[in-house]
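Here come two complexes built around chain A, the first alongside chain B, the second alongside chain C.
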Partner chain A sequence: MSAEPDIPVAVYAKPDGAKTAVGIETVGMTMRFGSFTALDNVSIEVRPGSFHALLGENGAGKSTLVKCIMGFYHATSGNLLIDGFDGGVTDPRDAHAKGLGMVYQHFTLVPALTAAENLVISRADVPAVIDWDAEMKDLTAFMNAMPFRVPLTEPVHRLAAGEKQKLEILKQLYLGRRFLILDEPTSVLTPDEADEVLGHVRKLCEAGELSVLMISHKFREVTAFADEVSVLRRGKYVGGGLVRDLSHQDMAAMMMGDAKPVDPAPREATEGAAVLALENVRARDRSGLKDIAIDALSVRAGEIVGIAGISGNGQMELMEILTGQRPLAAGRMTVHGAPYHATRAEERGLKVRYLPEEPLHNACAPRMTVAENIGFRSFETGRDKPRFWLAPGEMKRRAERLVAEYKVKTASIESPIASLSGGNVQRAVLARELEGEVDLLVISNPCFGLDFTAVAEIRRRIMTARNQGAAVLLMSEDLDEILELADRVLVMSEGSLVYECTAAEADIPTIGHHMGGHA
Partner chain B sequence: MSGEIGLWAVPIAMLGGAIRVSTPFLFVSLGEVITERSGRINLGLEGTLVFGAMAGYALAFMTGSAWIGVLAAAVAGSVFGLVHGLLCSLPKVNDIAIGIALMLLGTGLAFFFGKPFIQPVAPDLPSINLGWWSDLPQVQAALRVNVLFLIGAALALALAWMLRRTRVGLTLRVVGDSSDAARALGIRPARVRILATAFGGALAGIGGAYLSLFYPGSWNEGISSGQGLIAVALVIFARWSPVNCFFAALLFGAAGALGPALQSVGVTSGYYLFYAAPFVLTLVVLIASSSKSGALTGAPRELSITK
Partner chain C sequence: MAIGADITGPGRPARAWLLPLAGRVEGFVLPVAALLTGFLAFAVFLLFLGKSPVDFYALVYKAGFGTAFSWTNTLSRAAPLLFAALCVAIPARLGLVVIGGEGAIVLGGVMTGGLAAALAGWPALIAMPLLAIMAAVVGGLWIGAVGALRQWRGVNETIASLLMAYIAIALMNHLVEGPLRDPASLNKPSTAPLAETLKVGDLPGWNVHWGLVLGILGCIFAWVLIERTTLGFSARIAGGNVRAAQVQGLPVGKLVIGFTALGGAFAGLAGYFEVSAVHGSANASLASGYGYTGILVAFLARHNPLAIIPVALLLAGFEASSGLVQRRMDLPDATMLVLQGFVFVAILASETFTGRIDLVGWLSKGGRA
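Presenting the complex of A and B:
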């Protein structure tokens, strides 16, 4: 398969010339899966050396389009032109040979290998015995010719997210790819890192070495870095053009069409006593090498405290501390002044509720029914004493009421909860957790992977809970979400809370610096 | 008996014992390192070891050559490895359950086919006398080193080199660390894992041949005392490094030699307790290297026990 001798592996060996960007064009591309049309007659053009953004909601057909370009799917009809000629890409390997590359949303680097090992193993012609001295010389020469570089001898799992993303892009260039698809490349980066990486990519485009098609939903990045934009909705091309001619509102209107998300709930003035308090809490992190150190954290009734941070800086561990899954090495945690260990009795008595990230895996039994999952908080409580026998009728009525109230779309309350879409699982879990009185609500990444309308609705529910006097602790990797919801913003970096400000003082660059640990 | 060197007999006997007893540990654990580095765990190596011991002994007896016996044990072991690898490549098959099934199958088959070979005497594997410089018979006995031990030591170094410096080694590490990344690179993880498991099985078979052809040096049904299982724990202790495996195998070998060594200097009471030393050491090692809150460092990320 890899017998073609002309795969441009060692392009970096030629310092000038021959490194020209590749342009592509899709002509009337249509992709049907059975009776479902995922992509309907889409024509877009990415000119050589341009930076093109592809916008659209979840399920709009963006990934189907790029998978057709890369040869993962074979379009039902329509053509792909590469530099004006019929591309005829048969599979991803063929796409690579034609200079097309893709950087996935999730890293495809091998964590235990060093950057150098990752680059070498990704080549089609790895020698049986690797002469590392010669390889390192070549790699260093390649790195020196690039506008940005990463340490070659560090294992990849020790690199920061921004470094990994840079390495993914460098890998594509190392392999001689001249047209790159970037699939939400900044979703794991701080604003600073995102600007740096995209800035470098843009420079490569301007130098005519690379053309880029970037899937994104961040209007700010589209405006700042892209030349042109194309918008998809429900598989159709619905608009686009030069970025400088379009405002954020124009792009949002194209993406959403006539669907209007619910208006955000108004923020009411509330004043309350401290509900959750952590003092001098210490615990080991997941690697067992570093400490989580929270000196002081308190959340008052009727306020949302947002914790911003890049994933992997201790948020997961903090969530585990709050849910009692991670033992404390020192310090104390109190709710309403009483020591709190997150036992079921304490959760019920002190009215503490949780909405963990990826609720299908962290807060549901995926194969049990929607009704059973909704009953998890209350199945064993009777009117005044714990019950031994379940009350199926009562569970069913409660589930039906909450499913209707939270507009959970499910075939039946007897369907397994795993069969629901992400947004509906989130609604079902939120319905369970917000039922009855709630004094403390701990939330982690509630809107990850949801579309505009579901996001707006979930956020509205959270704001309503706050207005009704719940203390809300919100951990999120989405800074925009924190800024929209929080009354107070904290930044978590390397296991500690390193910065605090009120929502009014919040300033994205400052918060971004603290998230990256550069302050 | 050992009057002239007194209690020195114990460490000398333990050194000799370590070298003698460690060889099966070394081979089984080196094989398991390669298997686990590819992201699979093969618990069936105990069965492979026993079957290798039987096959090696039988072939050595029939052909009169100990080395043909070793080869036969390696081939038999690689067949067991292949079966494990192929079965585990089917969807929804658990490698640990298959391993336990193959462990029972391997020992059962070995007992079944091995019945006629309990009485006859097969040729031994050759050993090299590295103790020629000493007058003490104890030192000479301790330093009579089997060729397979030296091959195992060289193999540990060779595997470490392979993992770092060759395409095969790098491919193996990629597959063990991330199936997704491997697929993105055009590597087929299932095939790599099948081959790695077959290789591991072959080494476990050689370990078995050592048992029946050198130490203790005869085939019987009680030939293995759990070396195949202990070696799996040893791999975790060695943090998936072939060179560490060598030292870990020596340590476990020394622990296994503690009982006989004490017996040889005349400790007659309670030495059975010391026979349990390898098993106690296994428990201690597993507890000491475990962690309640953190992930195992250095573990291949695709391994089912670390996920």
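Presenting the complex of A and C:
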């Protein structure tokens, strides 16, 4: 097979030429890593011009499947058919030449370059000297033939997230790709942006110019835009069909199989005094160019306050302010009315606990053992005065008790915590942070990358902490999570809290507008 | 997807009790393998020079470990290596790479030589501990400053400590050639010789000074501090992941400054013993590279203070044999540095294998895989 990219050249050079969607089919695809079978005899067909959704929990084999299709992996057995013929994709470059493309969760554009520059440099055959006048003419012609467009001369960093994702898709079309894999393409978009982008993609499919295989977690998007769906569980194909024949419950049942997530904890009526209060807080953001400005934020006991927002709008900095890692330029932070700087003594005295996002990277020492990591909160607390000598026996007993109580799956409490799966790391950290009395719990993206069962269990624990009177501040990029848990919803955009409503009056489009900073 | 990352996953029947053991086996096997690789590479180097590696290692054994006399020489050289290695290993447990222990050694020695003249008439029982403490204090301040620069100004501690070592050596040269110079020292500018009452003697029955015992005690102290106290546990958390330590509200800044200062204090003590037990006065001989060999010792010991003791003895033996090897085999005086360089590159390269060797999986399959 020739890896020369002559097919794409032919396509984008003739914007009015043949632009027909490519269909693919996997036949009995199996992928083994040692003794672990990541993909077990999976056969799915994406017909030309169809919008196919691929559902499955984390670890179900979705990524492995698309990596086999794109040539990143070579399947242990099974075939890939492209337009009914043996695909024989040798590597990603070969896949591109055959018209297969992939759009990733995170952007692959060069921020400082314009859209036009990004498009031209992404080609495999960029000449040493680029004739920009001719390229611009070609690009304008290409854009005009598209159902949606992006400003060509604007630097990419000035584009909104939705525009960037549109540009990613345009880039694939420009490169002549007629079968696209979209890997959770809307995770960095507001609901409005997601609908717009997916709407355009759907139109391209209906026009027969494109076939799509979209990995997604969002049933709403699957129902609204896809026409077929395939579901994987533990590496196996467990079901699928036409989207119009399936309900959300049907799809969820296929994804989970027999595993029943715990029922959500009921929300009990609580009332309490304000625990955390931020007044006129100002701090620099990570770039050092913009300010984080929180005029007023308070969380009372027995309440979950959810902060929604697209990532990169100051949530990380707010977490750093709350954990004492980012100095305040102005303003006051108090817990129970006392000034708060997140020292260990204050955290202990005021009963403040944290659940940062990506717990392995932000809340654990990866190479220390599970027992040691669980001991981080309490290793120096003795019966009546702080310990000087470490008490490894007590640390182990505590870890054994909490590991059992929170059902952390680990070979041993002496294993390094990095050897645990994501859900079990989160369970271990949760066990550590929720032990004993908690007055204030600060949480960031607690369920990112976890499967249904772990998510349900962790949310239940958070709700239980609230019902027992803890004040909970929940920052999450997952709007569904916020709407499920929060009593009050705040929206963070460009470093400020721009909108507030109670859970009862929460309205997704309104929140979405504020997340995008359009209101 | 983290394939193979979950050891509890299907098809990976790990034996739980092997896990902690595997970590320890790795901590032993990797440095030993690196050491042997370094020796092997150096053997090839010798072959290029037309010398016999067999003769070389036989001579090293004879001159470093073969006789009571060679052991005396080795043990005397081990003392400063123990202290110098602690100056690397203690900050390393906080994730800091401090390589400028040489500066603290030199300043500790100058402090000893300079202050001893002022304490000439004092009773030894007071003056000797005072000298040792002041040497430790000046070393601690010097390396503690590296930690402070890192914590408050974000200056890279590796570069800062190395540059400060050069400053310390220049400072020493200035002092022993100027204000602190003994007019009687003609060829080699030195401070005034220590009064006999202030000199540190030998261990009873041995020809080795007390610095060796203090060095070993220092290693045990550091091990207990790091592995058995809550303070050491805090430091290990910060070294394991500084963000996690901050979220736990641990005083990371104080730990960084405290642990670098403690490491520097040990290096300062190395200077104290070099002056009070070996040279008798402070002069340029203080900057003889113990601080740099100490870096190698600490890395080979994987920053475990107890492992520093045997490793320091081994490398001290090589240093002790240096003179004989040069004369007998007609090798240049940089030979031992070349050998150390080979071993150092090997140990740094071996770090990439950490956690890659699946000992548990291998053992639980009965060693068949």
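As a convention for this text, the second predicted complex is superposed on the first by the 495 of 519 C-alpha atoms of A that agree within 3 Å, B and C clash if a C-alpha of one lies under 4 Å from a C-alpha of the other, contacts with A are read in each partner's own complex, and residues count from 1 in each chain.
Everything below uses one rule, namely that a contact is a pair of C-beta atoms (placed from the backbone, for glycine too) under 8 Å apart; a residue touches a chain by one contact, two chains touch by 3 or more.
Note that the structure is a prediction, hence the values are computed from the model and not measured.
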Chain B versus chain C on the shared chain A, clash or fit? fit
Of the partners chain B and chain C, which touch A:P127 in the superposed model: first, second, both, neither? first
Determine, under the contact definition given at the top, whether A:E117 touches first (chain B), second (chain C), both, or neither. first
Is A:T64 touching the first partner chain B, the second partner chain C, both, or neither of them? second
Tell me which partner A:R286 touches in the superposition: chain B (first), chain C (second), both or neither. first
Which of the two partners, first being chain B and second being chain C, lies in contact with A:K137: first, second, both, or neither? neither
For A:K203, decide between first (touching chain B), second (touching chain C), both and neither. neither
Would you check which partner chain A:P327 touches, where first means chain B only, second means chain C only, and both and neither mean what they say? first
Looking at chain A, which partner touches more of its residues: chain C or chain B? C
Shortest CA-CA distance in Å separating chain B from chain C in the superposed model: 6
Would you mind listing the overlap between the chain B footprint and the chain C footprint on chain A? none
Chain C residues touching chain A - in the complex, by the definition given at the top: 1-12, 14, 16-17, 19-20, 23, 227-234, 236-237, 239-241, 243-244, 246-251, 355
Complex contacts: residues of chain A adjacent to chain B: 2, 93, 104, 106, 108-113, 117, 120-122, 124, 126-130, 132, 283-289, 326-327
In their shared complex, chain C is touched by residues of chain A numbered 33-36, 38, 58-59, 61, 63-64, 323-325, 342-348, 354, 356, 361-369, 372, 375-377, 379-380, 386-390, 409-412, 414-416, 418-422, 424
Which residues, counting only chain B, touch chain A once they are in their complex? 165-168, 170-171, 173-174, 177-178, 180-182, 184-186, 291-295, 297, 300-301
